[in-house]
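Chain naming follows the written order as A, B, C and D, and within any one chain the residues start at number 1.
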Amino acid sequence: MVRVLYFAWLRERVGRAEEALPLPAGVATVGALMAWLQERDPAHAAAFANSRLVRVAVNQEFADPDAPIGDGDEIAFFPPVTGG
Amino acid sequence: MPLIRIQSEDFDVGAEFSALVSGRADIGGTGCFIGRVREADGSRRLTAMTLEHYPGMTERAIGRLAAEAETRWALLGCTVMHRVGRLLPGDNIVLVLAAARHRAASLEATGFLIDWLKTRAPFWKREEFADGAAEWVAARAADDAAAARWGTG
Amino acid sequence: MPLIRIQSEDFDVGAEFSALVSGRADIGGTGCFIGRVREADGSRRLTAMTLEHYPGMTERAIGRLAAEAETRWALLGCTVMHRVGRLLPGDNIVLVLAAARHRAASLEATGFLIDWLKTRAPFWKREEFADGAAEWVAARAADDAAAARWGTG
Amino acid sequence: MVRVLYFAWLRERVGRAEEALPLPAGVATVGALMAWLQERDPAHAAAFANSRLVRVAVNQEFADPDAPIGDGDEIAFFPPVTGG
């Protein structure tokens, strides 16, 4: 299982703050997970449509689309941070 | 060890200052910054601002920067308190305190931390306006430049 | 109008901050500096510091600088409190608060005011040390350089 | 009458914080007043001995030795300020 989190307008567009899902077969990177989510669900597809506006963290560290992910990871998607 | 706290409640500037320095005779200067919600944003009137954070990651990121500031300016203490949730004009948002032997270090560290917090810290802001509009704030280039002065990524 | 006060009593950082900003929704950032008596002065242990001022002239000189800062950084409020008399290590000496629309102005004004206060303001310091010595402090060249950055006389 | 004030170690060396005196005949500048005070009293002479370390204010504004003074003025002598 991986835990997937969404923040700010990504959370609003996806329609949830968090979901837990079994890591899909063949999905080994952040980018592959995004593609899989987009394919599965129109809300995710809309949220991720402009990938320039999507940032990712794996286990609470900023990560690139080609960052590896594995079982037990926490993967978060959010817009570029705007500071406090 | 810096004291980092993210909370929806307000903070007490005087109490945090006292907690940081009391009983110490080695602190010569404490720099401080308090950020608050402004009503005017250009020509529009802001009615509320909602701050969202990533619990865990945000605290860690701030703690890391504060520890970097402690090393870089040999701080004797550092406090960062940041509010989240829906805030109104005139509400406090963020408090930075940096204590050092001398004034220059304390003020430079304060500037470093607040520039980073206001631009690079993992927060997202949603603004509500008097005209009924509500929108998520996009990252600002001017703020990035301010943070870039310090050579932080 | 800046609030300037010179007094022997301690000041209350939280109360002064609240007095400066409460009821206002136009202040986005407040810079602040608190100076305190340090016990160590090089290798000697300081046991007390006595601050003397020129009643009337000192207030006017500070008021003039604070007014200059208000203009230069378009401050929305400014407070300077300075203690005089005999102070002990760990005691507060000086408080500067500078409120502005944006953080950069508030912190620059705070730095400007404290650099000037710590070097050019009409105060005289007498230090007492653990070895029994007591002496009036001479003006320091390094501090002059810090104040000179701001182009003040 | 003029009011003359002394601060810090100048106050200690002169032995008083303040004095009021009739403006002496022929004394029309800060420098002339200093010379007159030095002549009158050994404590003042000692306090003003190193004139590089003496600063002056007339009516609470910094002034030079050749600044004019007149009846009713407040003249203050003090070391270079050391800041707070």
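Convention: contacts are C-beta pairs under 8 Å (C-beta built on N, C-alpha and C of every residue); 3 or more make two chains touch, one makes a residue touch a chain.
Because the structure is a prediction, the values reported are computed rather than measured.
Asks: Indicate the whole-number Å distance between the mean C-alpha point of chain A and the mean C-alpha point of chain D.
Replies: It comes to 76 Å between the two C-alpha centres.
Asks: Report, in whole Å, the distance between the mean C-alpha point of chain A and the mean C-alpha point of chain C.
Replies: A distance of 50 Å separates the two centres.
Asks: Measuring centre to centre with CA averages, how many angstrom lie between chain B and chain C?
Replies: Using C-alpha averages as centres, the distance is 23 Å.
Asks: If you average the Cα atoms of chain C and of chain D to get two centres, how far apart are those centres in Å?
Replies: Chain centroid spacing, chain C to chain D, equals 27 Å.
Asks: What parts of chain B, by residue number, touch at least two of the other chains?
Replies: 35, 118
Asks: What kind of graph do the touching chains make: line, ring, star, complete, other?
Replies: Basically the chains just string along in a line.
Asks: Pull out all the chain pairs that touch, please.
Replies: All chain pairs meeting the touch criterion are A-B, B-C, C-D.
Asks: Using the touch definition up top, name the residues of chain B that touch chain C in the complex.
Replies: 12-15, 17-18, 21, 23-40, 89-90, 101, 103-104, 106-107, 110-111, 114-115, 118, 146
Asks: Spell out the part of chain B that touches chain A in their complex, as residue ranges.
Replies: 35, 51-52, 54, 56-57, 60, 82, 93-94, 117-126, 136-140, 143
Asks: With touch defined as at the start, can you tell me which chain A residues reach chain B in the complex?
Replies: 5, 7-9, 57, 60-61, 76, 78-84
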